[in-house]
Structures are given as C-alpha cells and as structure tokens.
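Structures incoming, each one as structure tokens.
Both complexes below contain subunit A, partnered by subunit B and then by subunit C.
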Partner chain A sequence: MSVSATKSTLAAAPASRPRRRLHWALVLPLGWLLLVVFLAITADWIGLPDPAAQELILRRKPPSAEYLLGTDNLGRDMLSRIIYGARTSLIVGICAPFLGFLVGGAIGMSAGYFRGKIDLLAVGFIDVLLAFPALVLALTFTAYLGQSLFNVTLALGILSIPAAARVSRANTLAWANRDFVLAARTIGASNWRILTREILPNLLPPMFAFWLVAISVIIVAEGALSFLGLGIPAPQPSWGGMIADGREALDVAPHTALIPAAVMFATVLSLNFVGDIVRNMVDPRRSAL
Partner chain B sequence: MNDLLRISDLVVEYPVGGGRRVHAVSGVTLTVRDGETLGLVGESGSGKSSLARALLQLPPPQGGSVLFDGNELTQLRGKALRAVRPRLQMIFQDPIASLNPRRKVAEIIAEPLIVSGVADAAERTRRVRSVMEAVGLDPDLVWNRRPHEFSGGQCQRIAIARALVLEPSLIVCDEPVSALDVSIRAQILNLLEDMKARFGLTLLFIAHDLAVVKSVSDRVAVMYLGKLCEVASSEDLFASPAHPYTAALMAAIPEPDPDLPLGDTKLKPGDPPSPLDPPSGCRFRTRCPLAEPRCATEVPPLRAIAPGREVACHFPLVA
Partner chain C sequence: MHWLARQLLRLVAVLFCVTLVTFLIVNILPGDVTIVILGTLATPQDIAGLRADLGLDRPMLVRYFDWLGSALSGDLGRSYRNGEPVAQAIADRLPVSLELMVLAQLVALGIAIPVALLSVRKPGGWFDRISASAAFGFLAMPNFMLGIVLIYLFSVSFDLLPATGFSPLSDGLWDNLESMILPALTLGLIEWTVLMRVLRSDLLTTLKEDFILLARAKGLPPWRVLLQHALRPSSFTLITVLGLNIGGLIGGAVIVEQIFALPGVGRLLLGGIFNRDLILVQGTVSFIAAGFVIINFLVDMLYAVLDPRVRHVRFRN
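Coming up: the complex of A and B.
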C-alpha cells in the first residue's frame, strides 16, 4: 500500500514540475517576442511619428508624456525608432540564419550522409569559413558590396553557414546509421528519398531550436555592424545604430543608448529562453538517450 | 528444391585504422534453398550480422559472390541493384530503431510500395490494409499512430508488415526476437512461420538463442569468428553435433531443471580471439578441447561428411 503510494507520487512529480517551470519562463519571453513582432509588423498603422523626422530644438529629451521614450541626438522620437528598428533587426535576424541554414543544412546533411570525400571537403570548407574572424568577414562584405539591408542579411547569412552545417552534420551522422535508414535501403529507396523522407524529418526539430538561438546571435551581430557604422545605412533605424548614436551623449542623455540596448537585451534573452525550451520540448524521449 | 541464394567465398573486412582490419567474415560459402528456413547461429561478434548485411549489399562485401535467383548481386550497382532489392527484405533486432519515429505507421508500411512505383493511392491503401491484417494489426487502430506509441512486439509486427508488403522471396531475420520479452517471442516466431507458409517465403534466420533456432529452422549453419563450423539439418545438428564448437554450444544450453548440474562445455577457458588477428589454421583451435598441432597449420575446409551435412574440422565428432 505504502509502496504503491510512493510510486504514484514519484510518477506524478516529474510530470508536474516541468509544467510549472514552463509557465513563467515560457510565457514571459514569448509574450515579449510576440509584442516585438506585432509592433514591427503594424508599425505603419499605429500612429507613430516618422522615425526620421528631426526636431532639433527637442533633442535628447528624457521620456515624457509626448515622447514616451524621449528623443535622440537629432530630436527624433525614440519609441518610433525602436519599433521601426525592431523591423530591421527581425528581418535580418530571421532571414540571415534561414539563408545560412538552407545552405549549411544541405552541406551538413550531404557530409554526414555520404561521408568519405564529400565529408572531407565539406568539413574543410566549414573550417576555412570558421577560420575568418566573423565580424571582419561581415565588415568586408558590407564594405565592398555596399551597405543595404540585403547585403547585411547576405553577409550574416554566410556567417551562419558553418554552425548550421555542423549541427546538421552531427544530427545526420547520428540518424544515418539507424536501422530504419538501412530498412529504407533494402526496399530500394534512392539516396535522395532517404535524405528527404527518412533523415530530414528527424533533423528539422533540432535545427528549428538552433535557428531560434541563431536569430538572437544574428541580431547582436547586426547591432555590432551598425554600431561600427557598416550595418544598415541611415536614416533607416536599427537597434545597433541607435546605440552607436546614443554613445556620443551617454553622459548627458544616457537613455538614448540604454533604451535600445535594453530592448535588444530583452529580445535576445527571450529568444534564448524560448530556444532552450523548444529544444527540450522537441523530443524528451530522445534527449534522455 | 532449388537454391534461391548461393553465397560463395564471402569476405567482409572493416578497416579500423593503423592499417589493421577486422576480419568479420572470412570466406563463407553457404546456400539457402527455396522455401526453407536456414538458421544461422554463433556468439556475438562471430560475423552473423556482417554476413547478413553483406549479402544484402549493405554495403557490398569486399570479396566473394552472392548469387540470388540468377542475379549476381555483387556486380549490380545503382538502379539495377535497387530494382532487385525489394525481393530481399530484412527484419531487424531492435524493432523500435528500425522504424522512423517521425512517420506514421501507414506511411512506413506504404513506403516500399511508393518506392517500387505503385502510383495508385487506393491500391496502396488496399495492400497496406491487407498486410496489416495479415500480421495481426488492426488497420483502423494503428493507421495514424507513430512507432513510439507501440510496444516492441507491435513494432516488430509493423516491421514484418513493411518487409512483406512487397511480397519478397527472401527475408533475412537478424535476431528478430532477441530484443523482445520472452512472452512475446513465441507470438512473433509463430507469425513468421505463418507468413512463411502464406507468402511462400524463404527465411535466413539469425539468432544466438539455440532454442529459438531449433524451433524454426529446417537447416542450421554454425558460425565462429567469421567462418562456418558446421551446416546440417536441424535434427542432425541437435541430435549429434559434428564440430567440437557445436557440441560446446549444445552443452551450454541450460536445462529447465534446477537440480541438474550445469552442462560442461569442455572448452578451454578464455574468450574468443580477436577478429583483428584471428588464429592460424582452425580459428577455433585456441579453445578446442580436441586441438592438435595440425589444427594450427592447416585450415580445415568445409567438407561433406554425410548427405546434407558439412563440417569444417579435421577431427569431426561424427565420422
């Protein structure tokens, strides 16, 4: 009797604990991310002042009823710039790793599945790409190709190829030796069919979780590029560019640098939280292995 | 009975770095007759699974020939090989690992039909349903489920259904019941027997459990360290083993009576030698109670000592 009671409490405990932990650690970051995405999408329709409109008399004003987050060095509305800046950060943050994951994922899958010479070539290519200091490579790209949203996205996308290739190669290696892949071969399935039907579905969940984390890394990288003046060209607002502008007046108007920094911090932290949780949720059975 | 499968001088070696090679299968010659169940026994690491995978060309062996129903499989590549593959199917030891966790049961069983070019979806559905019923799965219950929702025994039924749906000639069963509960084993073994009769199958049945092999096999081949020791009909082999290794295996079968003393295998103590560096001559000589100097210098060939009875030993126990 007592034994069965202990058993049932033991069985109930692990089921209830992750659910409670999931509660605030998932809802808070997810709520923040949804808010950022919602505002970035609807920025044009919610009555924001023009993010490029200057009001030089009202420069570096602290937050007030009229300017909820104050104004910057040129008297532009900070709230509006933050929200339009979110648009830039999200476009680069989502598209760049997606690009990298398409290319890197395909390279990693081929390397992990075919092994041999293809693997050697792919791993060599990845190592060469990794040997370049990431920021220098991105700077070179935008310096030569010109500063634009597309070029920044392309540069950061190329930077995310090696990480994506490594994740997909490691996962492919693990899956390609499973018996069900052997079974697919015994029925005469082609390599293409095995890769797309047997291995890819098992690769997508970990890749998705990794992609969420990659978004946060890319948002920071885009901020660094803008901070160095080689990111998105002015007057299009971006968080990194705002921090760079605000740095000049850090002593007299600290909010001009701290507010965009805090927003970027919250967004990146939220992405990492959600990414971690998704990775754990992807398959609890397999993570136990 | 015709020979469905003729393996000759099959060699499987794996490089392990430093120029060394694991000699997993060293020159095995074996025939499987149409409609029979051939049991293949041997301890872990004796090369049973390597032999099975090599004959299915997964991957192709390093040497020897595999003649399947007039096709020399080792000479086939690419599309030609894929065209023959559906006729040789395999059932794996771990039923859960042999099913893709991300796909539904109906998709898993229909996959061979799609690969073979059965384009008509209604025809596929009909054949999947009929094979599900044949292996004792309720199509309406299992159709949209995923493998992790099933027990090992149920998963093995799904794997058997996938192997059967193309109506193959030969099924290689690589320890199909070793990973299952004892209570489920008999069910799966009976199912295999039923399916064999119903679809006219030939089975190559790999196992290390002698009781299982005895119950299903018409003939039995015994492997030790990459070579065949003995091939004989099931009755002959179990009644009077001719190879000292077979005799030791028989002696090691536990009797279901706690009062009986454990059988003495008469083996010299120790582990099987490493397949990296197999002994000269007869590979069993280092543990054989009958070993003589000749065994170290001369490899005993697999030779017939009676009709349908072959043994690879200089001093067989049955003359």
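Coming up: the complex of A and C.
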C-alpha cells in the first residue's frame, strides 16, 4: 500500500530510504516465523509433554507456571499442542503448494510454450477446476479420500494447481518470444532443453514469490478443514481443530480458542508481510524503484 | 451477438464438465453409503440388495447421464439417508445462504467504499495509512477465527447478540437480522479489504484524468468530484472483483453457517459429507458450482455492458 502511495506523490524518494525501512519492518514477522519453524522442527527434543496426553482433572486450566498456555477441554497441554500444530500447518502449508506447483507449473509451461491445442486444453482444465469454490472442492476431496495428513496435503495441492498453472503460463508466454529463446532454437536446441534451461530459470522468481503467498493461503485452508472436522484426524493437533475444540468452552475457558487463534493470526500476518516484500523485490513492476 | 453466443457455449461446456467432475469425485473415491445406512455388521447380501435398490450397481457413466437428465428437469434425486428430495432440501436452505451472502457483501461494500473515498483524498496521509494497515490485518484473519473472536466479544463478553441459531424472517425482521449480524460481519469484515484496495487504486488512476481536472476547475467541492465524477468510472474492477470473490464467499459461507448453526446450503453439504450421502453431496456441490459459474458469467456480461471496449477486445481474441 505504501508503495503506490509513494508513487503517487510526485517527489521521488531516494531509492535507499524505503528499502532500509522495509528491512526494519521485516524483523518482527521474520523473527516470529523463524521461531515457529524452529519450534516445529525441534518439538520432539525440547521436553514438551505429549500433545495427546489427557489429564481430565486438570482440564481448561488458564495459563500458569506449570502449563504456560493452559490446558484444553481434555486437559492436554496447550503449548505442546500449539507447537505440534505448527508442525502440521507447516508440513501442509509448504508441501501442498509445492505439489501444486510441480503439476500446475508443468501444465502452465507446456500451455504457454506450445500454445495451440495444448493451451486450449490446459485453459479448459484450469477453468473447470476454478469453477468450484475452492473450499467446497477441498471438502469433497478430503471427505472421500479419507482424513490423513497426506490426503489433506494432496487435496490442497490439487487446489493450488490452477493458480500455479496460471502464473507459469503467463510468464512462459512472455519469455517464450524473447530473443535468447529464438537464439537457442536457431542453434538447434530441443523443446525440452529450451523449456528447462532457458525458460524455467526465469519462471522461478515469480513462482517463488507466489509460493510464499500460497503457503499462508494453504495454512488457512488446512485450518478451515480441520475446524470443520474434515482435516487432520483428531488426536493429532492442528490449529484449526484447536480453535474448533475451544469454541465449545468459549464462555468458561476462552483461552482454549483464543490462543490458537492468535497464533494462527500472527503466523498468517507475518507470512503475508514477508510475501508482500519478496513479491515487490521479485517483480520490478510492483516495486517503488 | 457472435460474442454472446460463444460465451454461452463456453458456459454450457463448463457446466457440463463441472457436474461430470463432481460425479467422478463423489463416486470414484472410497467411502460407502451402504455401510453408513446398514452399519458395519451388514451382510454382503444386504449390501448388494441396497446397492441395487439405490441403483449403485449400474455402470458409472450410465448413472451420470441418468442423473444429468433428471437434473436438467430439476430433479436432483432423493437423499440416500432420509429420502428427502435433494432439490427441495437445497431450495429450503438457499434463502438463508443468499441472505447471508447479500448481507456480507453489503457490510463489505459499506466499509470499503467510504474508506476508499476517504483515503484517496490524501494518499499517504494518516487516514490512508491507518486504513491500509487495518486492511492488511483483517486480510490475515481466517474467517473461522474471526467468527470465534466475534462470538467471544459480542455474545460471551457483552451478551449483545446471539452466538448461534437462526430466526427466519417470519419471526420478525429484527429477530432475523439479529441472528444474521455476526455471521455477515464475519464474512464482510474480511472481504472489505480486497474491495477497498481495488477501489482505492482505481480511484487514484481516475483522479489523474482530465475530466476530473475540469470538474475541479469548475470549482466543484471535492466530495462532489469524488462521488459524482470519480466513483462511477472507478468501479469496473470493483465489480469484477465482487464476482471473483463470490467463490471465496461461498466457501466462507459454508464455514460461517457451521460456526453460527445457520440452516443454509453449506451446512446441508457438510451434513451430506459426514453421512456419506452421495446423491446429496453430488446435488449440492453441482448446484453450488453451477451457481458460481453462472454468477461469474453474469458479472462478465455486466462488465461488457458497462464498458463496451470489453466486448471488442474479447471478440478479437
């Protein structure tokens, strides 16, 4: 937002000043994300109680020295569940878009490079996938695939195919007509070589920026599925599932819903923030420079 | 007219594919309604008998075209579970979902338009910066999270509004609205951010046009320039985005109906999924997807009516 605002004021600010400010603003969100990632990776070794261990006498306890974030409806340690939930969110959030980008990226590249019938077919395929409201499609998939971490990742991966295909198709269309591609073709390079050696490297930066955005979208989608009871199956913690569980005790123990909600909010906000900045750096048209 | 005919043809093709894909997903994937109905102790004979009764033993494509034929005449089959006609079940719950979505859009537009107008009066000023930050924050809120927070604030802490439940219009307008305020806020408070950003950036472009300069030179007060001259030509993208967002809104409505226990189409779908009620899921998903495709089609048309250039550009492609 501030980017277009600076643009609209006539006086062009020196290029270095907004940049330095951006770096400052990055500290908090990046720090939070690093913390979440670090805890999710080391969860097994930092002496957390079992996230599934129930202590029914100690249910719905508010945060205390013994239970830093309190306990939930079944007396399970909230801190431990939040951290193991972060692991779930990150696994799905990172793998699902990656899966979608492998398939969608290949579809988009072939469509943008070969054009003609392949393009028509690919666009038709994308149109049909996009014709479903995303969450409804995800619900239908997970409901019938069965609930597991793998199936949720697969379903959300399929959902990210159309977006990935669109990004890679649009970028391939733009790069495929450049002189260096023509040059490669003149020296007799095969289509495969042109696609992988000439075009693919140029697609990676925009795809990477898009992947960052996709992570936060997918984390929210996983949360929504788990919230509805159609995501990660029960004993395994997931932020969305925790919020749904906490909803039952909103009047007596609001922390059981509000803490996972706050953690999820902070994570999505940080991801959006970092994603925005990376996108501005990758796409010169959107940057202030 | 050529253009319109091609668009209509495309619409029909997409609708066909969408129902076929739904049918394939619902039928290929595991999960057996007979087990749900008969329980896990049913004998193979019982299961085979029930499958024959429900017509599940016929080839899939035969079943699809059979379904499609009846669907075109408005018959979406009967629920495997309670025998209720699916079309009737959808029709009963549709008003709730539509009311929710319309109210949510009103909330979103009601916030987005004034905020965008106020923030372009001084781009980069304090209001612009605060509203941009607020938009950034709200955008990061998943709807199921915002719904819970709103329930906590308005129902649990201050006891102002009911947390769940639905009162139909026949109970009186206020009772009905009261049960819809929190659900509509949950969706609208997230959606306004996108609309505000789009409108703000279009307004900034429009304000650089010569006719705005002319209006200002004539001495019109700033609010009249904004409202009467700048708003209308800046709203094309807004309308498109409204259309595009309907997909998200439908997904959001499924979640919000579940949170607030509203008897809408989304909740019908969830119930069908939990009960492995294939024919109900098939009907609702097809209905939702078809509605989504048709709305997008209408938005495209509206766009073409508002801006004649669209017709020509698209036609040439």
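Going forward, the second predicted complex is superposed on the first by the 268 of 289 C-alpha atoms of A that agree within 3 Å, B and C clash if a C-alpha of one lies under 4 Å from a C-alpha of the other, contacts with A are read in each partner's own complex, and residues count from 1 in each chain.
Here, a residue touches a chain if its C-beta (ideal position, glycine included) is under 8 Å from a C-beta of that chain, and two chains touch if they have at least 3 such contacts.
It should be emphasised that the depicted structure is a prediction, and the values quoted were computed from it without experimental measurement.
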Clash or fit (per the criteria above) of subunit B with subunit C on subunit A: fit
Subunit B versus subunit C as contact partner of A:Leu139, first or second or both or neither: second
Touched partner set for A:Arg197, first subunit B, second subunit C, both or neither: first
First (subunit B), second (subunit C), both or neither touched by A:Leu182: first
Partner chain(s) touched by A:Asp251 [first = subunit B, second = subunit C, both, neither]: second
Which partner, subunit B or subunit C, touches more subunit A residues: C
Partner chain(s) touched by A:Asp127 [first = subunit B, second = subunit C, both, neither]: second
Subunit B versus subunit C as contact partner of A:Leu230, first or second or both or neither: second
Shortest span in Å between Cα atoms of subunit B and of subunit C, once chain A is used as the common reference: 5
Subunit B to subunit A touching residues, read off their complex: 53, 56, 58, 81-86, 88-90, 92-94, 97-103, 111-112, 115-116, 148, 159, 162, 166
Touching residues (chain side subunit A, partner subunit B) in the complex: 178-180, 182-190, 193, 197-198, 201-202, 283, 285-286
Subunit A - residues contacting subunit C, complex: 1-2, 4-6, 8-9, 124, 127-128, 130-136, 139-141, 143-146, 216, 220, 223-224, 227-230, 240, 243-244, 246-247, 250-251, 254, 257-258, 261, 264-265, 268-269, 272-273
Residues of subunit C touching subunit A in the complex: 13-14, 17-18, 21-22, 25-26, 29-31, 123-124, 128-129, 132, 135-137, 139-145, 148-149, 151-152, 156, 163, 197, 201, 204, 246-248, 250-252, 254-255, 258-259, 269-270, 273-274, 281, 285, 288-289, 292-293
